[in-house]
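One structure, pasted below without further comment.
Note that the chains take the letters A, B and C in the order they are written out, and that residue 1 is the start of every chain.
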């Protein structure tokens, strides 16, 4: 019985890891790729590690605090890393995908950085 | 709140001393007894019972787990659809939360839930710029975020 | 039965690691590469978790934790570097 539970956790983990990677390969701009990386990959890893934790807790009877700490750490750092990567990407003038509708963040930048964005657009066209 | 937790721990230790056996199980039992003692004392001493906040944290955690699973079902739909038809965009969402701590928690929760990713804050930290993987309707999306998480976070901190 | 599941998930995970590697190689911008490497680190944690179960030892638990820390610090440092060319802000206002 417990083997089935662990198998389900591990299989879900593997599936979502693969889904995150496919998302990284398929989506068209950096921001979409960050979406795939934070959501699917995080859930995949957390599911796999939960399976590992249950395996050692129930089959071996060994409580491993390190594994629990890893789960907590992944949950805490994934949004922060996504936030800082997307911010740096947008500030260095990486454009959104053509199908994007609104961008209210560019309007708040000082004049110098907005020129950077327009420059990036020009080089794209030429 | 810190005073109440201290009081609760004290009750647990006294309980262990009364039982004259110092095991973790006795401590846990004493702690549960302490919770009930505080629950009764609440009406006499007129303080705000701290287990209410623990309950709010628990509710926030449940909401978060549900949203995380919904987020991934959403991602499956977008990533595995044969043609990419989603319309991404960056939207400014104003927030009612006031302290930095609350805004940080909100931004982290937003990043882990369906189709949204917090990208930047305004100067005063009261507006979050959110990249959304599919924006069919701007106003609806803003309302959705404000309704869902702000309420739950406010219940924990206020 | 568990072993079959573990081995098949190891195959899936290595495919996922390979796709991340591809994106890190072809990614048109630096940010793409940072995202790919971040995900690479995350997937590696899951990989080691399965290896731990296969070999029936908790000795790699610290390895997982260290990889998680390094992947996070690496992506933050690289992102800061792309943004301004400075990794540590010295002006503490």
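Here, a residue touches a chain if its C-beta (ideal position, glycine included) is under 8 Å from a C-beta of that chain, and two chains touch if they have at least 3 such contacts.
These are the chains along with the protein names UniProt gives them: A = Multisubunit sodium/proton antiporter MrpG subunit; B = Multisubunit sodium/proton antiporter MrpE subunit; C = Multisubunit sodium/proton antiporter MrpF subunit.
Fair warning: this is a prediction, and the values are worked out from it, not measured in the lab.
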| item | value |
| --- | --- |
| Chain whose Cα centroid lies at the greatest distance from that of chain B | C |
| Chain centroid nearest the full-protein CA centroid | A |
| Inter-centroid spacing, chain C versus chain A (mean Cα positions, whole Å) | 11 |
| Distance from chain C to chain B - Cα centre to Cα centre, in angstrom | 27 |
| Inter-centroid spacing, chain B versus chain A (mean Cα positions, whole Å) | 20 |
| Junction residues of chain A, two or more chains touched | 22, 34, 42, 78, 80, 87 |
| Touching residues on chain A, where the partner in the complex is chain C | 3, 6-7, 10-11, 13-15, 17-18, 20-22, 24-25, 30, 33-34, 37, 41-42, 44-45, 48-49, 51-52, 55-56, 60, 62, 64, 66-67, 69-70, 73-74, 77-78, 80-81, 84-85, 87-89, 91-92, 94 |
| Chain A residues touching chain B - in the complex, by the definition given at the top | 16, 19, 22-23, 26-29, 31-32, 34-36, 38-40, 42-43, 75-76, 78-80, 82-83, 86-87, 90, 96-97, 99-105, 108 |
| Complex interface listing, chain B residues touching chain A | 68-69, 71-72, 75-76, 78-80, 84-92, 107-112, 115, 117-120, 122, 129, 131, 133, 135, 138 |
| Residue ranges of chain C touching chain A (in the complex, touch as defined) | 1-2, 5-6, 8-9, 12-13, 15-17, 19-20, 22-23, 29, 31-32, 34-36, 38-39, 42-43, 45-46, 49-50, 52-53, 56, 58, 61-62, 64-65, 68-69, 72, 75-76, 79-80, 82-83 |
